[in-house]
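You will see chain A twice below: alongside chain B first, and alongside chain C after that.
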Partner chain A sequence: MSIGAAGPLIALAVVVVVFAALNPQFRTLGNVANILDAAAVLAVVTCGTTFVLLLGSIDLSAAGVMAASSLTVALLVENTRNDADYGVLGILVAVLLGAALGGLSGLLLVLLKVPSFMTTLGVSAVGLGIATLLFAGVQPGVVDAGLRGWATGRFLGFTHLTWIAAACVLVGWVVQRHTRLGRYAMAIGGAEEVLALSGVRVAPYKVAVFTMAGAFYGLGAVMVTSQLGSGVVQAGADYSFSAITAAVVGGTLLVGGRGGVLHSTVGVLLLTVLANGLVLVGVSPYVQGGVQGLIVVVAVAAAAAPLRHRNQVVK
Partner chain B sequence: MTFTLRPAAVLLSLCLAAVTATACSGGPDAGPAGSGGTGTCDPADVTLVGQVRNESNPYEASWLDGGDAFAASVGLQQQRLTYDGESTKQQEQIRQLLASGRTECMVLNVLPNGDSDTTPIVRAADAAGAYLVTQWNKPAELQPADYDRWISHITYDGVESGQQIAGSLFEAMGGSGGVIALQGVLDTAAAKDRFAGLEAALAANPGITLLDQQSANFSRAEALTVTETLLTKHGDAVKGIWAANDDMALGALQALEQAGRAGEVAVVGIDAVPDALTAIGESKMTATVSSDGPWQGGIGLAIGYCVATGELDMAQVAAEQRAFYAEQFLITEDNVADFQDPRTDAADFECANVFNRMAGPLT
Partner chain C sequence: MSARPEAGPQPGTSAPPVLEVRGLVKTYPGVTALDGVDLQVRRNEVLGLAGENGAGKSTLLKALVGLVRPDAGEIHVRGERVRLRSVEDAADHGIGMVFQEQSLVPNLTAAENIVLGSEGPGVRRGFYRWATMRRLAQEQLDKIGSTIDPLARTDSLTFAERQMVEIAKVLRIEQRTHDTPVIILDEPTSVLEPGEIETLFEQVRRLREFASVIFVSHRLDEVLDVCDRVYVLRGGRAAGEIRPADAEPGQLHRMMIGSTAPEDHYHGGAAAPPATSRQPLLTVRGLTGTAFRDVDLDVGAGEIVAVVGVHGSGREELCKALFGAVATSAGEVALDGRKLSLTSPRAACAAGVGYVPAERKTEGMVGPMSVADNMTLAKQRVRCAGPVVVPKRQADVVDSWIRRLSIRTPGRRTAIGRLSGGNQQKVVLARWLVGGDVRLLLLDHPTRGLDVGARSEVYRLMRELAGNGVATLLLADSLEEAIGMADRVVVMSDGRVVAEVPCPADGKPSPLDLVKEMV
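Here is the complex of A and B:
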């Protein structure tokens, strides 16, 4: 790992050490489990967003995709609205719906040459529309014991959600490092023309990346639904931007081709630790948002310092 | 050159088509020129419009359903409008509605997105001669009494509701112990007033200590995380959770369940969303407050309809009826069954009764 890539990790370590010194509760194992639980959904969503960012594209569809998947899974497992009880199959359908919506973003991008900013924003609206239709005025509460257990059950002290997130990060890392899809995603972000001129058809890989991102959002939505105990249209409202922020804070650059799943996960942890620590230390809620933003800016600036070149143009 | 012009032309014609289409779908039957003047509309010529942020939450969906129920009771249809919580979209919808030309007998029951959004809506409706009732949000200095067609503004006393649920919470805790408070979006009037109500209740109950207060922005997911953190911080000292709305209360309930402390901590919220009522019925939650969404959806249209048709004379609408706090209802396990199935009571919407739920003038 280069010095540049280690920057966010150092920032994370500093923040952890400072909070641990200021507050004894921060150091408890229970709180560590808390932080990892709170980071779980964002980590999964950020995995998806990271691959899109690696392409040099951007993805704002998480909010809508998650809304659609959340309502879908809540209505397909045992719930308070209808007689469905498809269990794991319902979860699978929700993830596949996420993948389908992600694929749609990708297809619109490569076939119609519409920038990803617009296609994903549009697909997000489509997802919210689907979710609102499915919602139909009555919130579906999740009864299915299996799905509820995702949030409440624990294994070795950590919630099942934490383990699912850890598995996702591992899968994301393997895809990024050891599959053609991951390596091409990186290459497309770095130099798409060069790749195209050397005979690689980039379009299918782009669609595949967006599809995979959608699947991650779908799974993230299932996790949120388990946490909240019901299908909620606003389930993913803040995740589009939080995921992009986490990825960038972690060192996955918006220009594409740089960073990766592990970088982004460090960003997720940094944001989650900050939110947790500021509450524990007792910073007033009226200034918390501001303080959090300030620390993130300082951390990113410090972490990016070694990357700065003379004559570099920043837009 | 023509190549660059063509997409622009297509775009332009598409826009024009969209504008005409939406403007034309104004109301069901045109009716022979609404003739103008206060209170002379033929009941069949009245068009009813209900506008809320979105239909993706139970409260606002029930609001529009209440509007439908009233409209059906007078043999009309309500036009359901939603603007996705976007101020510009709300203004655009209002502009298009009022541009349809048949505004003299139009009744609007509007939930403005924020305080400042009310001013342009009021001005536009008044200029077009449409009858308007607004709810929840308006700037303090803007008064319905200064306008002819803005009949009433209805809102609820957040200080009172914050205090009511705090009372139930403290009672459930046996009058002593620590509470944590989950605040809404800090710069909204609703969050400020409700929290002021909690503070008033705390001052009256010295046995209760406020351990911590955090904002969870009215969001269920944020409340879940914040509550988990606060439970770590304060441990067993937490005996009660006061949330400024039900979504956050439900998030807190989930956090308690995940921490294995469900049933040990009393939880209260505001809004009476269906999930909260279920939780109260199952004794998981202690109390909530209802503003009665279906009534809100119906009452604005009813007031406007009564004035438009002349059944209610504007001259007889008292000054305090032009801007008032409406009655709200504390829901606990004792009376939750009465609220489980939200519906409207036709008697509330009769012209003689439309101001019956006034709890006090808006000051």
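Here is the complex of A and C:
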């Protein structure tokens, strides 16, 4: 690993050391579990976004996809609005709905040649529309004990959400490192035309990547629903941009073919530790957002510094 | 090469050719790239393909790998007529090419690149089996005796190593035909160091044991060194065939250049260039950058100096560096006695330097913008009062230049992309003239892609500007153009100035003299 690639990891270490020195409460095991719990949903969503970014595409659909999946799962498990009680099956349907919406983004991209920025934005709106219809003015509360237990239950001191996120990162890493889908996603971002010249049909892999990303968003939505205890249209509100930010901060660049799931996860942890640490050291909540934004910009600029050259066009 | 295996007929025998091209024609609007090319590739031979830029080499190669569909003519592979529609098609017939711009996925391992698209047992149920991938790649690398680690990331390899990976990749087509494949190497030496070139030649000789090779290069010494036979292309036709063994020195040079009479149109009927004082306006001393070293160069006011050299000579980079567009590490440049800052194109513009880039469509103009906006792009002050564009002022300036350069356009508001190439180029040139302060013009292939008529108009304009005392540094499209236009020709090779040839109107050197210095 070159120094440039290790940058985000070093930044994470520095931030952790600084906060640990400033605040004894930051150093406690309980706080570590808190941070990981807070990072769980973003980590899962970022897994999906990372694969899209590896393609060199962008995905803004998380917000809408998560909204639709959140309402869906809340209405299919035991809830306060209807008599449904499908348990795990309901969770599966919510994840599959996410995958379907992701696949739709991918299909629109490869069939209509519409840039992913627009297709995913459109699909996000579709997802929000589905969620609003399902919501129908009455918020469905989750009664299902199993799903509620995702957020509250603990195993070896960490919440179940944390373990689910860890499993997702592991799955993501295996896909990226050891499957054709992951390797071709890398290759598409690296030099798509070379793949075409080697006789590979690229479009199916793109659709598959968007589908997989949608599934991650669906699972993320189920996790949020467990945390909130009800199906919420706003379930995924900030996740599209948070996930992209986390990925880029971690070294998964927007140009495609660079970085990966582990890089992005470092980015997720960096953002979460910042949010947690700034609260603990007593930075006013009014300036926290600003401070966090500044640190992110500096981190990205530092990561891109070795790649700069004269007359570079940046858009 | 005395111990050749018995298998496979020797080159030069009467066995049917592996690949035969008959009367191949390809025309693009305004250009005939291939004008009835005939070519035969025999089993286990290295066939050289030589020719100047624009001779049709790359079009021919593209036709052979299915990237270009010829308008007429036939391609026969092992005696059977084929139509090649894609790279895949060509590979199925055992024809593969190592592209000039390297075509590997940089962020994958060498092994993945080698088996890309035909992983076979390397992937099972979507999962990579790295040990198998490694073995498959190693088999290919072993064929060419390469010691590269198959699991190394491609962008961590040197250019020479990547080329080996590409050759190893192309060799996989062997499995599709079970017969002698045809491997095309397009300008394989252009990115290599001298030591690496020697290694490549060994590889080529090794390849000949089990493949036919088409070796393309504009370096004649290389072609003569490594090839069994050499075809020379000129103007889209096969100008002749040479056997290096019994080639007389200079023969290849003459075939490449032909015996065209010096063309008159460089002077556009204008009188002989004015004998301006040759006080150097531009002085370059010891300029060093990534692609050139210790360049000394003078250009006088009213003088046109052409820089010639093959691909990789560093002349394009030198031109960009003088405009501040690429970084330099050492050296001094002065314009009219004042030090010229090479920190940015902006500084160069302010000092009265103009630059016409080679890639007109991507670097020279903004296609959807109007003629007027393109023309005033670099000199906003001619159309502005403070920060505000004054339409009347812009109209006056632009219309007067449209008239003076007889730019054929429906009007100044027409998008420049809708004009013909020649008229576009005149607008790009006018960009440096509207300010009235241009001292030095850097012209990088200013006539590229223009037809004869448009060319002579650009030539006339260059003459006129030189007559007004503008110093011009010209990277010409062809040697004829360099000789025809220039007062002096500077030859660059491997990043250095190796010769300077005076080029007065009454004593032009022959292209042959220059080619000898270039290669």
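Criterion: the second predicted complex is superposed on the first by the 302 of 315 C-alpha atoms of A that agree within 3 Å, B and C clash if a C-alpha of one lies under 4 Å from a C-alpha of the other, contacts with A are read in each partner's own complex, and residues count from 1 in each chain.
Assume contacts are C-beta pairs under 8 Å (C-beta built on N, C-alpha and C of every residue); 3 or more make two chains touch, one makes a residue touch a chain.
Everything quoted here is computed from the prediction, not taken from an experiment.
Once chain A is used to superpose the two complexes, chain B occupies space next to chain C without a clash. In the superposed model, the angle subtended at the C-alpha centre of chain A by the C-alpha centres of chain B and chain C comes to 120 degrees, rounded to the nearest 10.
When the two complexes are overlaid on their common chain A, residue A:Arg258 makes contact with chain C while staying clear of chain B.
By the document's definition of touching, neither partner reaches A:Leu107: not chain B, not chain C.
Judged by the touch definition given at the top, the superposed model places A:Arg180 against chain C, while chain B stays out of reach. When the two complexes are overlaid on their common chain A, residue A:Gln25 makes contact with chain B while staying clear of chain C.
In the superposed model, A:Val194 makes contact with chain C only, not with chain B.
For chain A, the partner with contacts to more residues, out of chain B and chain C, is B. Closest contact between chain B and chain C, by C-alpha atoms in the overlaid model: 10 Å.
Residues 25, 28, 30-31, 34, 37-38, 67, 80, 128, 131-132, 135-139, 141, 151-152, 159, 224, 227-230, 232-235, 237-238, 275-276, 279-280, 282, 285-286, 288 of chain A touch chain B in their complex. Interface residues of chain C facing chain A in the complex, by the touch rule stated above, are 86-88, 91, 103-108, 112, 116-119, 123, 126-128, 130, 325-327, 344-345. Touching chain A in their complex are the following residues of chain B: 54-58, 61-62, 65, 183, 186, 212-215, 219-221, 224-226, 228-230, 232-233, 250-251, 254, 257-258, 273-275, 278.
Residues 178-181, 183, 186-187, 189-191, 193-195, 197-200, 257-258, 310-311 of chain A are the ones that touch chain C when the two sit in their complex.
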